[in-house]
Every structure is written in C-alpha cells, then in structure tokens.
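Look at the two complexes coming up: chain A is in both, with chain B in one and chain C in the other.
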Partner chain A sequence: MPFYLTDGGVNGTMKISRTWSLIMYLPFLICFVLFLIVPLVYGLYISLHNWSVFGGNGGFVGLDNYIAILTPGNIYSTAFYLGLKNTLIFVAISVIPLVMISLALALLVDSIPNKLKVYFRTIFFISYAVSVTAVSAIFKWLFTGNGGYVNNVMNTMGLSSINWLNEQPYAWIAILVATVWWTIGFNMILFINALDEVDQTMYEASSLDGANWWEKFSYITFPSIKGVFVFLTIISVIASFNLYGQTLLITAGGPAQSTQSLIMIIQQMVFNQNNLGIGSAMAIIMGMIMMAIVATQYFYSFRKE
Partner chain B sequence: MKKSKTQTAIVVIVASIIALLFLLPLIFMLFTSFKALGEAMSSSALFPKSWTAENYGSILGIGAEVPVLRWLFNTGLVTLAGTALVVFVDVLAAYSLARLNLPGKKFFLSIVVAALTVPGIVTLFPAFYLFRQFQLIDTYAPLVLIYSANTMGVFLIYSFLRGFPKDLEEAAFIDGASVLQILRYVIFPAIRPVVATLSVLTFLTIYNDFLWPSVVTSSDEMKTVTVGVANLVQGANFVNPGRMMAATLVATLPALIIFVAANRYFVRSVVSSGIK
Partner chain C sequence: MKRKLLFSILLILAMIVSACGGGSGSSGENADGKIVIKYINGFTGGDGEFMKKITNGFNESQDKYVVEESQEKDHYTKFKTGNYDLVLIHSDNLETYRQDNMIQDISSVIETAGISPNDFHPVAKEQVTFENGTFAVPLDIHPMTMFYNKKLSPVAPTTYEEMKTLTDELQAQDPNLFATGIPSAGLGEWFIMTMAAQNGIDMIDGNHVNFAQADLADALMNYNDMIFKDKISPSGLGLDGEFQAFMKQVDEGGSSVQTATALTGPWYYGAVKEAYNDDLGIASAPTLGKEPGVYGGGHTLALPASVQDDEKKAGIAEFLKYMYTPENLINWADSGQAPTHLETMELVEQDAEKYPLAAQNIKQFDTFLGAPKLYQYREQMRYMVENVYPQVIKEGMTKEKLMSELEKAAEQAKQIADTAPQQ
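Our next item is the complex of A and B:
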C-alpha cells in the first residue's frame, strides 16, 4: 500500500501520506489561486496604476486613483458618489422588506398542515430558479409605461397610467417589487428551516400559561431564529449592494441616472471610459465598504452574547 | 398546539391567494407569449383572446431572428461543465481537508473561509482582463473556469464530513482499501446528499449568472441565454411583449424544470449552507 504511512495505531488512527493528500487538494488549490487569488492581487496592483483595457499599463500612480475617486469635484468621484448614493438608497429601502416579508411568509407556510406545506414551499421558492434577466424582462413588461400590463389593468379599473419606469419614486418601487419577488423565496426557506428547529414543547408550556401569539413569537420564536435572522439581514445587505441586473435592464439607470448602481458605474468606467485602473480602485473601495457594513452588523448583533 | 379546522382552512386559503399572486409574473409570461402584438400591448386580461404561436416561431424556427436555441446550448454546455468541475475539485479538496494528512491544513482551511468574505466585484474585472490577455474572451474557458474558485462547496462538504463518523473508513482501511477505494465506496455514498445539493446550487448559479458572462462574451454565438435575453430587453426587439416573453420562457424553462425536479434536495440543503 504505497500511499499509506500508518502509525500503527490499532484503534485506527490512520495516517495518510502527505503527497497523496496534497494531490487531492491540488486541483482546487490551482483553481482557487488562478481565479481568485491572482485576480485579487492583480486588481490591487492595477488599481495603483494608470491602466486601460486596450492600452494596458500606463505607469505607476500610487494612490492617485483612490484619491481621485474619494475627493469630490472630478468626473470619477462624481460618478462614484452618485452610484454609492443610489446603491445605499436601494439597500435602505430593500433590506427590511426582503427580511420581513420572507419572515411573514415563512410563519404563514409554517402554520400550514404538513401535507400541503411542501407545495407552498416550492411555489414561494420558485423564483430562485429564475435569472435576473428573466425577472427584468417580465417586470419591465409589467411596469412599462406604454402598453405595460400594470397600466393596462389600472386603466381598466378607471385609474390613470403611471409612468413607472421614468419617474421617481415609481422607478424604485418597480425595482423593489421585482427584487422582492426574485429573492424572498430563498430567505423564506432559511426561515422555515429555522422555525422547524424551534423546541415545540416551549409553545405547549406557554399555551398553558396563557401566552398570546405575539408573546410566543417574541419570547420563544424570535430568540430561537435570531441567528438566521441576522444571517439573512447580512446576506440581504450584500445582495442589495450588488444591485446591477435589475437597474441595468428595467430602468437602464434612469430616470436622470437616479437608479445607476455602483456596479453599473464601475462597469462603465472599465468599458465605456476604458479605465481599468479607476474601475479596479472603485471595486476595491466598494468591497471595503461592504465588508465594513457587514462587520458592523455582525458585531452589533452578537455583542451581548 | 392544536388548531381548529376553521383556523387551518383560513390559513390555507390566505396562503393560496398569496401563492397565486406570487405566481402572477410567471403566469403573465406564459400567457403573454401566446398573444399577438396588438393584444399584448393593450389587454388587461391575462388569458389570450386569440392564441398564436407566431412568437415561438419567430425565435425557434429555422432562420429565427434571435438565436435563442444557440444561447441555450451555450448555457447548457457551460453549466454542465462548470458544475462537474466544481463538484470534482470541491469533493477532493474537502476530503483532503477533513480526513487526510494535508500539510498546512489549518492555513488552507482558513483561506477557504476567508475567501467567502471577498465580494465578487473586487476580482471580476481583473479576472476579465487576465482572460483577455490570454485571448480567451469569447471562448467557453472563462465561462466555465471562474466558478471553480468558489469555496462555498468545499466548506459545505467539509462541514458535513466533520460531523460524519470515521469508523467505516477505518474499517475499510484495516481491510486494505486504498484512499481512492475509500473515497469511492465509503465517502462518496455518505456525502451524496450534500453533493446533490452542491450540484443543484452550482447549476442554478452558473445557469442564471449574468454579469460575468456579459463581460467575457462579445459575439452573438457565444452568449449565454441570460446575456442574450438581456440584449433583447435592451434592444429594439423590446417593442414586442409577446416575443419577449416567449424568449424569456424558453430561456427560463430548463432551470425551472431542474429546480422542481431537484426541489427536495435543495430545500433541505440550503439549511446547511445557511446556518453556518
């Protein structure tokens, strides 16, 4: 047995050759280094240079790209702060509905008899299988101003049309509705799984004590699912920060650039402005902001424990 | 807690109404795809008054204006190859981390976890640029390879293996089984549910990915179906809702079928990825 180096332990503390272990780990390690570590380090390197997609490296500039992006008053910082502001608006309006509606849905599905539960779970989870482009195609036709389905229905009911995609706050509403539809299923499934693990005897005991629904929820259910609640809040913040497909396709960043998200801005820097150096620096700043927000959330949520 | 029958009935009815509302966008897509232009633009009824298949004819037929089937082929190829690659490298790596004698195990494990916190946008454009330097833009290579760097699968299988008793492996080892035999006959059957979960999650991730394939493809023939449909949404073709919805439906159907077929695995599986 060439690949084994046993240490002779009768109780089976087997030792396996290091070479063999490394061979098994190697395929992943190669992929990981080539497609994550190298781009990560290379991105940092690019961000310190004047760099274009077509012209390549145009010389070391130190932190100039970062300074330009963060100092107000030039085209880069104007674009960056616009994208950041819009993205933060979306994070602010989306995270609460994304978490609360899915929690409400999970509580509803959880109170359905087991035989039927499976079907409802599948239905509410189905949008997870739909791509952002398909979601956008559908919701753009639902909300489009002229000939869109929502306006057609509103007209039939005697209401006048709303220019959903070209006026605020309607454009944000359309994007929010599309996003909520697209992602609450996933959140709901995690909540349902967490609810399944709540100790049922505690409910019975509290019923004997005459606790009402709200008391049961706030003293038994919520403390038991708090971990998942925090996890989903963090996941939702990250997802909303990555807003791209919906605004690109449904509103095309409009009206008046009010739905230009940060990733859209970075994408334009790289491809339309041919400025990979600025684009990479923006992506790194965006990544750091996201990590800072997530770390803060994590810290505050578990501080008491 | 026993609930009365009326209470249960009310809950089921409310849930059914919400479920129907929830399915409306998909129902809208289905029925609109069978409407002719005039009706699709003006109707407030979901159900078509006169059914037409011309929308499907214009995207699927010979000499179709939009190569939806070609895009679907690209997506299928890339998704299957990418999923196979991810499962292959992740299973081996997780096994090595959890069971074998890997030098620097702690270090390797901590980079797997640390990598989970790196936002994707940070590496996306540099990765694009590197593929471009190797003249691999508009080939299948970047569309398949990039997903193999995701460490979520390694973490998922590793966590599962940590909670799985070693007795069987040790018995097999004493009986003279090799590492590969143990992997094949002991480990693999045990981790099959997690592997199934990882496969479905990876499949849907790659199938539905948009930003990356939109960055690394340029010709119409190399587009994946999400990029193709996105171009339709942005393009001049958007004036015809029926055709738009037909293309979207064709693009979405394979993923929906996989989802419903694998739903059971999937629902249970998200737990393990989530709670950590």
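Our next item is the complex of A and C:
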C-alpha cells in the first residue's frame, strides 16, 4: 500500500512505498534504541546489581541499592539527600528568574523597532553559545572574594566586600547569576518567537477598548504564549536539576558541600567510589523525581482546560 | 524489495559495528611492525612537555617498541574505561587500585629493566611496596612547597613564631599585608595532613583514617589561631586562596589582601616565577606544629592488571629502563618535579641552580609523610576536607565543636573503608 506525499504541487505527487518509508525511518529507530532505550534499560539493570566500575557485576541485589540510598544513616543516603537538597534549592531559586527575566527581555526586545531587534536578539543569545567552562571561569573571576571585580566595584561604592564563593547564600547567588547570564538567551529566543505569533489585530482592538499595558499582557499576550511559557518552565526545571558544570567549576561544591548537586554526587559515586550500582540507582531515583515534578507542573498548568 | 530492506538493515548494522571497533590492530603492533605500548597520564599542565620529551626520546631510540603517550585531564576515568599498558597513579590511589585488582605486581618488569626498589628514596620505596609485592615504580614526590616574595620577606620564615613576627612587620606597613594565607578549599587535605605530620599524629585506625582525636583537634586549631588570634593569615580566603593572595598586589586597591608567602603545590611554580622572577624564593614548608614534617602527593607508574602479554611487558621494561636513566629522568626535574630516583636526585643536587624547585623539594623528602595506604583514601578524606576543614578556619570554631565534626568525619571514613573488596 503506497503512501502519497505532495511537494507543493510543483512536480505533482510523489509515491513512497511502505518499505521505503520503513528504511527511511530505520536509522532513527536504531539510534533511538541504541542510545536511549538500551542505556536506560541497562542503567536500570545495573541499579539492581552490586556493580563496580573495576570489578564489574558483583551479583543481583534486588532493591538493596535503592533501600541503601533512601534509608537514612549511611554514606549513600547522606550523600544522596545532601545532593537532592542542594539541587532542589537551586531549582527553587533558579526557575523563576530563568523564565521571568527571559520573558521580560523578550517583551523588551519585542517592543523595539524591527531594525534593531535582530541586533539585541543576537547580543542576548550570544552568551548561550559560550561553554560552561568559559562562563564559570569568568564568573569565578568576577566573584572572587579577595580583590574580585564585583567586590572592587562594591568597595568603590563604599560597600564592604562579600565572600561570594565561600559563604551562603552568596555562593548560590553567584551561581544563579552565572546560570541566568549563560542560559537566558535560549529562553528569550523562544519567547520572542511566540510573541511574533500573537495576532496584532487583538492589540489594536484592545487599544480601542482602552486596555492598558497590563490588561493587554494578561488577556492577550500571556494566554497566547502560555504553551511556550509552560514548556520553558518545564525545561528550566529539568536544566536546573542537571546542575553540574557551574558548581563544579565556580565553587567546587563548596562552601561546606552546600552547592554539591545531585549530578556531582552521582559522578562521585561512579568515578570516585567506583560504585556503578549505587550511582545508577541514584540516577534512576533522580529521573523519577524529575518526572514527578514535571508531571505535576504539566497537570496544574493545563488543569482548567 | 525485501532483499533491499535486508541489505539496508545489514548496511546500517555494519556501519554501527565498524564504528565500535578499535583504532589499532589486536596484535598491539603499529603500521611499522613495532609493538605499541599505550601509556596514559594526567600531565596536562606545564610538566606534560617534559614527559613527552622522555617518551619521544625513547621512541627515537627504538626500532622494536613505540610508546603512545596520552595526556588526559581526567586520565583515571579514561584508564578505567579504556585499554592501556602503563598508567600513572598518584601514590594515595595505589592501595585502592591494588585492592580493586586494576594494577598488578610490577616486580618482574622492573627487574627486567634493571631497576630495584632500593634505587629510590626510602619514603618513595615505602609508598609502592605492599605485603604482596611492588605495585608501582616511584616517579616523584611533590610536597607542600613554600614560595616567598623576597620584597616582603627577604628570608623564608621557618617557624610559627617567625611567621608571627613577619606578619607584625607587614601589618605595620599595610594592614592588608599578611605573612601567609590559609585557604578554605583546594589544598585542604595538604593543610590537614601537614599539621598532623608536624604534631606526630597517627591518622590510621585499622582500615580507615581516624580523625576523631583530641590531638588532631588541638593541632588543627592552630590554623584558626593563625587567622583570628595572630593574624598570620587573612580570613575568608576561598578556593586556592593561598595562591591567589600571594599573587595579589595590595596597591591594586580595594580590599585586596596580599601575602608574603604561599604554602602551596609546586605546580604553581611557573605562575609565581613569571610574577616575581628574581624576587621569588622557594623554601621548605615551615614548622607550624611541634616538629618538622610535610605532606604532599607523589606520582608513580603502575602496570594495569590487563597486561599479560610477555612482549608488552618486555617493552614496558625497556621503556622504564630508558626513563630511569638519570640523564633521561633529569628532564622530569626540569619540569619542576622532584624525582625520587636516587641517582637522578644526585644529578639534581649537583646542579641545584638549574633545577631550583626540584632541588628544594628533594630537601623535604626526609621529613615527608605520604598518604596512608588505605582503600578509597581520597573518598575517606572527602567529608573532612570539604565539610570540616572549612569550619576549622571560620571565626568562632572551638575545640569542642571541632571534635564533634571530627567524629562525624571518622565515621564517614570508616563506612567508606568498609566498602573495600578485600575485607
């Protein structure tokens, strides 16, 4: 049974057989299975075993790894809960700025003349193209306590120095500022694209009705870009859960392990303690927590609809 | 059509399988028919080129073997997941890699190379010798080193009292000048263990590091005193703060603090030499506790457990024979590292002006205390280094509070030690 595709009416109709469509689809399917399904299932399998990076499979242990991680009072649970707590703190403090500042920037860029838009869009997006290593090096230098740039500026303004990277909550603030600066361009571009899609005639009509800026935003703009807003909130939560490079390079997990993210803990379990079983189980639990949070977010975002 | 489909599937599978294949032949020979020895290390800094010089020298001298050296930032991860014939292991990791059966007794290989454990400084020999064999060849020891700025301190302070006097003199010049810097992170392990060594504290209890000792609490409180009582160090120095404060200039303005000395790793030599040139002095770590003593790291070369081929072993022996010829190993001293090979040490000492850092650090070997041979030693230290030590150098820390933290650190270390496979 052939499939029919049209190419816009220029050359008429193109016929593709089921076999060829399967062949075209096959590379994706193989890659999907090899690089997504197999590692996921293999990771789950490893998490049920006493598995050392050096020694390999030391035997099936059932849910022992999960029990060890979730039961307080041992090195694995202590490390896991520490990493989870730190990661949740970062998720809580980062998602709102990541979404709201990028939305504000998008609204600002959207309001300027079209000729200038492209320049500002590029400038704001350019930070996203910088590697985490470079971003971390820059912000570590900016926030260094002893004679760092930020402290020097504060001193010039008559303010006393802050030990940004060695005391809380300043260490989180430094990491948050670095993360927002680094990733905000991506969110902003998606918001700008969504704003471009909003029907301009609705604004004209609302102006005639005497709507102010806030009313236009609340009743026209936000409902029109809500899908993108929810999507960006969800991917910001996921990205914040995956916090690793910034804390590793800016604060090295300090002060006193307070910025050690869950990914850092998993990395330590696997590559320092060589415990692939525990590391995999931690990763699976982390994935489940992320899924639960994202599902809840999705449900509450669209429940009225 | 079904044939075409089958052909396509096979083609894709062939591509995937071929992509998974290794680069060189399974025989371990390269295109010239030479036996390849894959050597991995983590020398990605300035010392890397000096190790390459040794490897290249060997390759040029050989028509039977060729050493393919990989210098990787995270070489342990690469080693764990790859296939190598010779690996650089830090001395504090040897026990872990030995117990995990990742490395093997290298005695027969070094014997073939004409090398004996007695060819090395006793402290280095002790690091590689275990009850069931010799598990590595010592390369160097890098102890905590003192760099000093001769403009601020014409001579190196050698004791706590001299540090205190130096600070008083500096503070009279500028309140932002201090004798030295105690960092909150980075070299925490070195500061803890140097203080333990200088107070004669035995840190081992069975299979783990025993931090829960009143003597250790007393000793570590010295650092707190250095910051808050005697003002020898400024407070609030963060990650690698000892080095950063040494490199600062108070005339930069603001609240920058500068130190006259830095107790740090010898790998900063290039940077401090560039900054201070002839005003740079190098000295042994001062005695801040009761007796001289210094902690640090060491590099060793180990034979992975996977190497079983006799020809490979013969090639490795040939390479080690070449490397441990003093005229060749002196290149390593040229990088600033202090070799532990006795004949090479002699060469360094004879030409101390050419090898100032290596010559200075060789002087510290006799008071050097290396990492204890414990399974997962680095992980055993983690809680202490990342959680307890930063509190030691915070205002308001008392011996009582510290003891409670030391007990937690000891308990963590014990739990990690108990994960050892050879319990």
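Please note the rule applied: the second predicted complex is superposed on the first by the 275 of 305 C-alpha atoms of A that agree within 3 Å, B and C clash if a C-alpha of one lies under 4 Å from a C-alpha of the other, contacts with A are read in each partner's own complex, and residues count from 1 in each chain.
By our rule, a contact is a pair of C-beta atoms (placed from the backbone, for glycine too) under 8 Å apart; a residue touches a chain by one contact, two chains touch by 3 or more.
From a predicted model like this one, the values you see are computed outputs, not experimental measurements.
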Touching partner for A:Phe186 - first (chain B), second (chain C), both, neither: first
First, second, both or neither for A:Leu63, with chain B first and chain C second: neither
Chain B versus chain C as contact partner of A:Ser17, first or second or both or neither: both
Which superposed partner A:Val53 touches (first chain B, second chain C, both, neither): both
Touched partner set for A:Ala252, first chain B, second chain C, both or neither: both
First (chain B), second (chain C), both or neither touched by A:Pro27: both
Which superposed partner A:Gln273 touches (first chain B, second chain C, both, neither): second
Superposition-derived comparison: chain B or chain C, residues of chain A touched: B
Chain B versus chain C as contact partner of A:Met100, first or second or both or neither: neither
Partner chain in contact with A:Ala205 - chain B first, chain C second, else both or neither: neither
Common interface residues of chain A - those touching chain B in one complex and chain C in the other: 17, 22, 27, 34, 53, 147, 152, 155-156, 252
Chain B partner contacts - residues on chain A that touch it in the complex: 1, 3-4, 12, 14-18, 20-22, 24-25, 27-29, 31-32, 34-36, 38-40, 42-43, 46, 53, 105, 108-109, 111-113, 116, 120-142, 147, 149, 152-153, 155-156, 181, 186, 189-190, 193-194, 200, 203-204, 207, 227-228, 231, 238, 241-242, 244-245, 248-249, 252, 263, 266-267, 270, 276, 279-280, 283-284, 286-287, 290-291, 294
Residues of chain C defined as touching chain A within the complex: 1-2, 4-5, 8-9, 12-13, 16, 76-77, 80, 100-102, 184-186, 234, 236-239, 241, 244-245, 248, 252-257, 376, 378-379, 382, 386-387, 390-391, 412, 415-416, 419, 421
Chain B residues touching chain A - in the complex, by the definition given at the top: 1, 3, 8, 11-12, 14-15, 18-19, 22-23, 25-26, 28-29, 32, 40-44, 85, 88-90, 92-93, 95-97, 99-103, 108, 111, 115, 117-130, 132, 145-146, 148-149, 151, 154, 166-167, 169-171, 173-174, 176, 178-179, 204, 207-211, 215, 225-227, 229-230, 232-234, 238, 241, 244-245, 247-248, 251-252, 255-256, 258-260, 263, 267-268, 270-271, 274-275
For the chain A and chain C complex, residues of the former touching the latter: 17, 19, 22-23, 26-27, 30, 34, 52-55, 74-75, 78, 144-147, 151-152, 155-156, 160-161, 163, 165-167, 251-257, 260, 268, 271-275
